[in-house]
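Structure below; questions to follow.
To keep things simple, chains are lettered A, B, C and D as they appear, and every chain counts its residues starting from 1.
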Amino acid sequence: MNIFEKLESNVRSYSRSFPVVFTRAKMSKMYAEDGREYLDFFNGAGALNYGHNNDYIKAKIIEYIAGDGISHALDMYTAAKAGFLEAFEEKILGPKGLNYKIMSCGPTGTNAVEAALKLARKNTGRMGIFALTGSFHGMTLGSLSVTSGKTVRRGAGVPMPYVTFVPHPNGFCGDSIAYMENIITDEYSGVDVPAAIIIETTQAEGGVQVASNEFLQRLRDLCDRYGIMLIVDDIQVGCGRGGGFFSFERAGIVPDMVVLSKSISGYGLPMSLLLMEPEYDIFAPAEHNGTFRGNQLAFVGARAALEYREMAGLESRVAENDRLISDFIASRLLPMDGRLAHRGIGMIHGVDFEKLGDVSGKVARECFKNGLIIERAGRNDCVLKLMPALTIERDELYAGLEIIERAMKKVLAEL
Amino acid sequence: MNIFEKLESNVRSYSRSFPVVFTRAKMSKMYAEDGREYLDFFNGAGALNYGHNNDYIKAKIIEYIAGDGISHALDMYTAAKAGFLEAFEEKILGPKGLNYKIMSCGPTGTNAVEAALKLARKNTGRMGIFALTGSFHGMTLGSLSVTSGKTVRRGAGVPMPYVTFVPHPNGFCGDSIAYMENIITDEYSGVDVPAAIIIETTQAEGGVQVASNEFLQRLRDLCDRYGIMLIVDDIQVGCGRGGGFFSFERAGIVPDMVVLSKSISGYGLPMSLLLMEPEYDIFAPAEHNGTFRGNQLAFVGARAALEYREMAGLESRVAENDRLISDFIASRLLPMDGRLAHRGIGMIHGVDFEKLGDVSGKVARECFKNGLIIERAGRNDCVLKLMPALTIERDELYAGLEIIERAMKKVLAEL
Amino acid sequence: MNIFEKLESNVRSYSRSFPVVFTRAKMSKMYAEDGREYLDFFNGAGALNYGHNNDYIKAKIIEYIAGDGISHALDMYTAAKAGFLEAFEEKILGPKGLNYKIMSCGPTGTNAVEAALKLARKNTGRMGIFALTGSFHGMTLGSLSVTSGKTVRRGAGVPMPYVTFVPHPNGFCGDSIAYMENIITDEYSGVDVPAAIIIETTQAEGGVQVASNEFLQRLRDLCDRYGIMLIVDDIQVGCGRGGGFFSFERAGIVPDMVVLSKSISGYGLPMSLLLMEPEYDIFAPAEHNGTFRGNQLAFVGARAALEYREMAGLESRVAENDRLISDFIASRLLPMDGRLAHRGIGMIHGVDFEKLGDVSGKVARECFKNGLIIERAGRNDCVLKLMPALTIERDELYAGLEIIERAMKKVLAEL
Amino acid sequence: MNIFEKLESNVRSYSRSFPVVFTRAKMSKMYAEDGREYLDFFNGAGALNYGHNNDYIKAKIIEYIAGDGISHALDMYTAAKAGFLEAFEEKILGPKGLNYKIMSCGPTGTNAVEAALKLARKNTGRMGIFALTGSFHGMTLGSLSVTSGKTVRRGAGVPMPYVTFVPHPNGFCGDSIAYMENIITDEYSGVDVPAAIIIETTQAEGGVQVASNEFLQRLRDLCDRYGIMLIVDDIQVGCGRGGGFFSFERAGIVPDMVVLSKSISGYGLPMSLLLMEPEYDIFAPAEHNGTFRGNQLAFVGARAALEYREMAGLESRVAENDRLISDFIASRLLPMDGRLAHRGIGMIHGVDFEKLGDVSGKVARECFKNGLIIERAGRNDCVLKLMPALTIERDELYAGLEIIERAMKKVLAEL
């Protein structure tokens, strides 16, 4: 580990939670240089929904490279991009009756959020954005401005105005939609009608906070009534993580813009997309750009992933696994302590240790000792976040859940 | 081209200059779906210094994928990252006597610029940044704030303060360093001493504006005297484009931070690095992060590229090609019209048509018709920008230069 | 009226509600150039608590001018200022056990608010300010940033960040103090602990919204627990308007800073003060300044007003008039329509026509026709605001109330 | 002095330079409580151009108060305001062929500057303002944003963006107008065309920096060509201080807006005006307001001052005194040391000690010891600023100049 400690900036973080050197990986397994095998319930923070090095996708990528397919072309037209666009229309947009135009952004989620904010401001001529308490949208200055964590916000070193944080419905004493509507309509609220409201339908980093369908529907309605653009950040809970391909499908709403990244390439390759209703597609050419906005290998992977998704029947597997996980948590984890809580949807689930004090870290470390990679989220990182690959085998899923069970037993016994 | 026009956002741009669908590429050649071959003097805006699909690098990448090497691991420790770090230290930092710590940022240049600005602000406790007129540093809100182009700035839709633009030395009536020093020292200048000065040693998008060694040395001295951090954005002219691996080597200076991206992966794969003097490495863990900050394929490519660079003796080839290009421009292009100008260094050169009016676009289009991909830069895009791969063969280089020559003859004859 | 329409900017406003030319005034009466007499229930928006041209104060001012007393001296030491300071300590600060240091600001309320915001930021090293929905603190850029009215905010022409509007307790669905505390303590609220909370104990322009004693006490406690400075803007409801000399006396709290203006000079002369706890008095000399910060005639008037206040027993007269007004409203105005509402304290009272639609303007105009000057406040100006001079005679008070009664009868009959 | 030290905020400043308690004043003389007489070369930083307690103006003010003239009326129509407007049109605007609309602002210079900035932004829809290095425009947040002093800027405690400081022509290595035009026209300057340029034709606080007529004319032309509003801040050098009533008359230009304050009331009473070309008079009613925007005593004084100005032939007296002062400085002060410099116009003159180190303070203190009140300005306060009343008698003027001469002799001898 010498070379990392010697050369890597102190900003490195996950290597502190999982201090081994990984060499290989396959589907839900990662292998360290000492040969040890780990089960992965973290999956690149949602970037590996199809598992590590999924063979179907891998074959397509190797074939493409071997044939000297274009590897980099800025935003020129390429066969790889055409292949992705066709598949995305045929398998996603078309069947779901969606009509979005597609923008390839610099291949990071934060870059696509930046593009969305620009476009919302350009379409409305307004500056303000509403974001929710608990939100996480990225670390570049625009995205960070709509990210709620105060510590990371301070990292900006400059004020980040033009955003108003409104209360997430979960846990708010009042009605969050009514609160927003009051801000919008009260001449003396001090805050103008915003350009957009940006939301994660389920806050992942925020601690697995699932917004209800009713909330999402009322939010869509609020936006419609006041000409506010609704941006869904589907970076972590899209691409099937939340159930449907898009996380908002469950509520029957259509956002004005959707941000995709993480698992869209299917292979952990950097990629991001901004989807927008055609009427809002008013960027001038290159008004937002970036060198890697056409990551061709990612396009190849993304097409293959959409094919694989269908073939493997992932959507129904997610529904099934959702039940398995929920049942396991309800019957075997929560009973350990009445103060524990469970929240989740699709294949993102959280066990909340908030009321037990500083416990979640011990549980996660104990899991890692026993071969399970799992992360935490939420205020004080008190929520253990379960994000297995959508492709995980049932025995692997159980094995992972049981590692958690044993770890919790051990840690809770020591309290 | 139907699928692109139907689905892609209007923000697409290069596809408008080069309206064909590319399928394959090899070193300095790109191939369209109709089989047509193009010589590439653009190279992904500097992301393909080693040529398209360089065989040496390609083999390493395929081998890595085939062996199920980790494809995505956030910022965990991996063998691929170790391999890159070791090579970077052994082949670059060590020999050049540099002592930088390394941060893998979200894999876009703009993300690393954002990290640099955060870190400069954190180290100094100041907000202000000095940027130069003509600068281009990226399109996310922080990077855009130090980007000089007014049209792209307006795209932000919000003010972007905390930056003061100071005159680039080329063309400024006075002494640019003295101007900055006056701002810093005059109690009534209205502008505080900044956290950092960010500079491209040669502005690429700015129209191939080469800052002199003397200017860079005096700038380093100014920063030293007032405790200002010097950030060199080497995204486009680093990685050998400007001559040495780092573009600032020619001036004998050591910046406090260096931003690398574009060609660092060697294969056009998304990657970016922030290098920083160890004393400034004060980020808290994850204070700046991003899902794709460890693009493992890019690490593999980057190590291979450093190996290839040595084997191919690229540094001396660049020097040689610099002379060839400069001689060709001086002897065969500039004589066509006394109002033409030439600027360049290493393997980035510009022919400036500013004084001839709206001519450069016609020349570039004529080149493309004749099988040469070439872009423009600078105010009103009036500078034809020559950026062949560093690996270009001499006959290809001449062929490209002669396409330019013929295009200019034709267009100038029609004026 | 010709000269006004010809030369005065369109920004003029009260002359539109009261389109006559006034020449003379005495206590609660104003006289127009056509000889018509008006009863004044507006009193310079609270700047004339002692009545127009109060004889006691007037004599002192004329004597001072006649004796060539210093009329202008920036912030030099003068006998007039000493006279005021001594009286303010002897009659106000001392008896109330207050320990404030005193700053003479540029002689407008907004200027003193600007000074308060600067000082809060300097003392805490923080930027953020909490202001309440419904607030009005002034029209210069700093004060406007904490003013809630969206229309006047837009007049700034630039964003005014660094302020978070929190819900005024009146009408908020939840607990306003708990809401603030949640913002302060929740790591994911997006909003840092502020430098200060600024509040009018009774919002005048906001529509006569009286904060309860309990709210003020809990607010003081909140500020104490989190090291937040509490600024009371007593510009309109201080100087006896709200009952005690300071409006916050009723709640038994001591703000960290208090802003006074409007009636402090006693004669309608421009003057403002910032009071601050001694530990916060950390301005460098001239760190905030202004040419007229020592308006000497105002000092003379202010001393005389403090003397007059005692002699006339104003505090008990206010209490008595409060009851008279409240009783009149309750027994003779509210019964006219069940949708009417009354709010008030001391000698600021409002009759709220919100639920009757656009009615208040008609009532105010009808009053003016009948010789009563009265203004409106609140959202859509729907609150008729009663602010007689504290010195008003009982028969004048009744006469004014009966003009309102007749006007309301007439207007409501026509609905 | 006890009461001041006990109760006044540490922000007090002039009382530190002139630590006596003043009681009376008459024209160019001030009297302390110990009976000592002082000659006044400071005059309220320009607020007392007509001298202290000018008898002509005083009589009008006493008469008005005695007759119970309206003392405060917000911005209602009053006879006092009509009287001022008529006189201002008849004696100033009309004869000079000016067509301005007039806005009474909160009675401080800074408040009128705030109004001007708002109006410039509203008229152009732009945010940016150009201000000059060395500028001083006030201390409220908007005015402070265009004030150049870094120390006072830091007092804001928040960033103050939307202003670009451009080099004052005096001492700039290049052509200041060309520099501004380059910013405006260069697409890559990073700075948009501003809403307005705000300028003091002679910077007073900036160290008596006189902009040349040619500069002012070229600035007017620049503004015309790019649709930029030209705002002249005539707070300190207007009202006759710079020669003509308006300081810009000498250059034959007409600004789009003019800010007046300080001496406009003639008696040191708080007052400020914003003059604007009629086409720009687009404020909505009350879009900028303030309680004391109609300081009626100041209107009475202002009318009387305009009458007095004519009767006393002040304009020609200023020209004469300008020569006397200039000659005295040239013949008797500058010869003392070759490093001294003189700048001035009308009746504002500076003796610059910059090249002699920390000397000016000693000279000013020595003057005060000898009965002369005089202040300093400029970087490090190194400029002794001579601002006698325009009404000063010739023997008083000489007496003051000779006090300066003796003080300089003494101090320079001790160097």
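Convention: contacts are C-beta pairs under 8 Å (C-beta built on N, C-alpha and C of every residue); 3 or more make two chains touch, one makes a residue touch a chain.
Given the structure is predicted, the values throughout are model-derived calculations rather than measurements.
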If more than half of the interface residue numbers appear on both sides, call it same; otherwise different. Which is it for chain A and chain B?
same
Between A-D and C-D, more C-beta pairs in contact link C-D
Measuring between mean CA coordinates, which chain is farthest from chain D?
A
For chain A and chain D, let me know how many angstrom lie between their CA-based centres, rounded off.
59
Just curious, how far off is chain D from chain C if you go by their C-alpha centres, in Å?
30
Junction residues of chain A, two or more chains touched:
127, 151, 158-159, 162
So, in the complex, the side of chain C touching chain D is made of residues 1, 3-4, 7-16, 18-26, 30, 33, 44-48, 52-53, 58, 61-62, 65-79, 81-82, 85-86, 88-89, 101-104, 106-111, 114-115, 117-118, 120-122, 127, 138-143, 145, 151-152, 155-158, 162, 195, 235, 261-262, 267-270, 274, 276, 281-292, 295-297
Enumerate the contact residues on chain D facing chain A in the complex.
158-159
In the complex, chain D residues that touch chain B
127, 131, 133-135, 147-151, 153-154, 159, 161-163, 165, 172-175, 178-179, 183, 186-192, 206, 379-380
